[in-house]
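Down below are the structures I want you to see.
Here chain A shows up in two complexes: once beside chain B, once beside chain C.
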Partner chain A sequence: MSVATFAAALLNPAAPCPSGLVTWNGSDAAQRFGVYRNNVTVSLIEALADSFPIVQQLVGDAFFRAMAGEFARQSPPTSPVLAWYGDAFADFVAAFPPVAGVPYLADVARLEYARVLAFHAADADPVPVAEIAACLNDADALPALRLQLHPSLQVIDSPFAITSLWGAHQGSGDLADIDPAQPECALVLRHGLSVEVMAVPAAAGRFIDALQAGASLGDAVQQASDGDTHFDPTPVLGLLISRELLIGLGRKNQQQGEKS
Partner chain B sequence: MTEFTSVGADVRRGGAGLPPAAGLGLKPEHYLDVLETKPALGFFEIHAENYMVPGGPFHHYLGRIRADYALSIHGVGLSIGGESPLDEAHLDRLAALIERYQPESFSEHLAWSSHGGNFYNDLLPAPFNAATLLRVCEHIDRVQSRLGRRMLLENPSTYVEFDASDRDEAAFISEVVARTGCGLLLDVNNAYVSCTNHGRDVHTYLRALPLAAVGEIHLAGFAQETDSLGAPLLIDSHGAPVAAAVWALYDEAQALTGPVATLLERDNDLPAFPVLLAEALQADRHLDACRKLTRVAA
Partner chain C sequence: MSQNNTSRHVSAAALALALGAALTVAASPVMAADAAKEKCYGVAMKGKNDCKAGAGTSCAGTSVRDYQGNAWNYVPAGTCEKTASPTSATGMGQLKEFKEKKA
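Up next, the complex of A and B:
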């Protein structure tokens, strides 16, 4: 018996029971080895079920467990920190032939994993409201302003109605009224201890993407503006302030996050 | 080998250990119950890996609860029994967590869970022989020197044995404790499960363990299946109340060790907090009974 054969047989139901296992009463060692196989597979499926409850609802419990089991066999965790085990699950779902008929499933999985990331993201204190107000009142300095955003904030732009589908399975909205092929841009964030998911205009998503990439406020508005349409950042800035997602303010030539 | 039982730094950093009282595993489902009711428990225990995340609610609540209670950090991912060297990145995460929360106790398992870069999320068995002993002791030495503290090693639940084993489990554990200076986390349920599964006498097993090194006791429930010959095969499920036979073995162990911090483990089929608390208070009654017996004997 080597650890390697023991390990390899854990996630491969077709592999024979490792040799060198013995039992006190001569009972079947393979059956006993099956306890380990079952523990490993079931615990990994449970870990995925914890992170992807809406994907599970969308495909049903039995199908989800089979799909998650297949993922676990192909991609066992590489870290003991199982919170991050779903990292590659959305890509797996996107390429999993049996769900080709549910094209939005992978993006719903992306949304759910973003919620996991937001839930566990680093804590960061918001810039005091008075300081934000002082910055925003200095109109000349606004275009060069840099905004540092809370680490929980993520944008998921999808060709499918992922926020509505996710919300309907949370009990908000009626599934029958949703056109899954309607593109939606989702924001995922943590405000205090609560993770929130909301749909925003695609331009607002581009604006946040640009800010997160380090663009100044002026450049981010430019990048968010679509063709001739000028993007008004006021509503999304209001959202960032109300959800306490501004954690640093600086000017263009300053270090990110340095207070102005 | 480094001696960890009496150095000053160890005492300052939690070497004083957990209080000899009942504790519970801290579950996110119960954070608010704990904060609102402040139950009379000796300590809470967390699984280290669940808190190896940057921020958010887990740290928020653990920080608040830790302010009121002694804390045990229990690792499930170091793979101390593994063939590969310890994962230093994981050890760094563990050191950071321990630095942050300054727990009264840190413990891990006599088992492996990682191999070839994969993590299997289960506590897997290894043969009890010289090669495993060397690896386990090297790994425990590394953990204790990296963390600058003594750790407790938990006896395992196992379902198979190896023809490559050349000594019994209790002798193996005694050797590890003697060589590394680590303490023993005596899991009474694991002792019962493993002895049942391998046809051993649990009373003999118990007395062959290095009981003077016990720093904590675990109690849990098991599930009962049968092997291919119809003999009982007990599964360490952490999903049921503690069995009567395990309570009895707990009393027997305490008569040998004296009162020791005792954790009620429940990770699956989690009941409401008051149900778990009642089981912990039952352990406290057993601890009280043990104290009375000890006084009478003295």
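Up next, the complex of A and C:
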């Protein structure tokens, strides 16, 4: 028996007990293997339930566990870090036929996984406010300024009201008042030790996407304005500063800083 | 230093205005974030601690019981010992870790 055979049998409840297993006291190896196989699957389902509590609430415990079990058999962990288990879960949910009637479920899963990533993202010291203010002394250089953003910051632009749906399960807002088909752009970030989720205008999301892709401040404002001529970068810049998400400033032809 | 940005549609003046306003917008929350905090033991719900949850766990979000006596949360200074904690001998959060009594 190879390790691969053993591993494959662990994830397939219909597979026979691998041959060649022995027990220390002569008890039935097949029965013991069955117990172990069950524990493996259950532990993976529990890990997913911990990372995706709102998806679980949206479809109910029994359905969630069946769906998570299916995922676990198809996509066993590739990393020993259980916290990262589920990075492919949202894609799986999107393609899982039984939840075709809950089209927003996959994006809610994306939002929940973004929270896991934000929670475990590296710490990064913010640029002192005085240093940001000093940029105003050289306004001509502002369009070419590069803003390096905190590694926890993520944008999830969805055709569904994912922030409102998620928020309704945190005690803010009433589920009955939400139109799930309302597009929402979610921002996930960690400020200090707390992970925050908020809805921002889609243009603000594009602005952050552009900055993260390496665009200069001027180009990022331009890209955000392309789909929304009224885009004003003030609120989103205020948010980046107040949540301490600006972790580096640089000029156009400079490196983005040692942490990028 | 001056730059030639003739191809740019976004003017430096507009960006200066936005950044200046953003700094004003951000000013008050930053002050609030700098407000004094204290570590408060025994008031965190399970998985909601800020850090330190003792042997077998490592850090933030890892406490396994509500009001765990060796897990703490940052709370505004002065409020810890006014926060209810059913596992604490004093009935309130404590500034040092403690052995839980039965809740």
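Heads up, the rule we're going with is that the second predicted complex is superposed on the first by the 240 of 260 C-alpha atoms of A that agree within 3 Å, B and C clash if a C-alpha of one lies under 4 Å from a C-alpha of the other, contacts with A are read in each partner's own complex, and residues count from 1 in each chain.
The rule is simple: a residue touches a chain if its C-beta (ideal position, glycine included) is under 8 Å from a C-beta of that chain, and two chains touch if they have at least 3 such contacts.
A quick note: this is a predicted structure, and the numbers were derived from the prediction, not measured.
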| item | value |
| --- | --- |
| Chain C versus chain B on the shared chain A, clash or fit after superposition | clash |
| First (chain B), second (chain C), both or neither touched by A:Leu193 | both |
| Touched partner set for A:Pro76, first chain B, second chain C, both or neither | first |
| More chain A residues in contact - chain B or chain C | B |
| Partner chain(s) touched by A:Phe119 [first = chain B, second = chain C, both, neither] | both |
| Chain B versus chain C as contact partner of A:Pro151, first or second or both or neither | first |
| Partner chain in contact with A:Gly218 - chain B first, chain C second, else both or neither | second |
| Touching partner for A:Phe63 - first (chain B), second (chain C), both, neither | neither |
| Partner chain(s) touched by A:Phe96 [first = chain B, second = chain C, both, neither] | neither |
| First (chain B), second (chain C), both or neither touched by A:Val129 | second |
| Residues on chain A lying within both footprints (that of chain B and that of chain C) | 119, 193 |
| Chain A contact footprint on chain B (complex, rising order) | 49-50, 52-60, 76-79, 82-83, 87, 90, 93, 112-122, 124, 126-127, 159-164, 197-200, 225, 227-229, 231, 233, 235 |
| Residues of chain A that touch chain B when the two form their complex | 1, 3-4, 6-7, 10-11, 20-29, 31-33, 35-36, 39-40, 43-44, 47, 76-83, 119-124, 151-152, 190, 193 |
| Chain A contact footprint on chain C (complex, rising order) | 1-3, 5, 8-13, 15-16, 18-27, 29-30, 33, 50-51, 60-61, 74 |
| Complex contact set, residues of chain A against chain C | 119, 129, 132-133, 135-136, 138-144, 191-193, 217-219, 221-222, 225, 232-235, 237-244 |
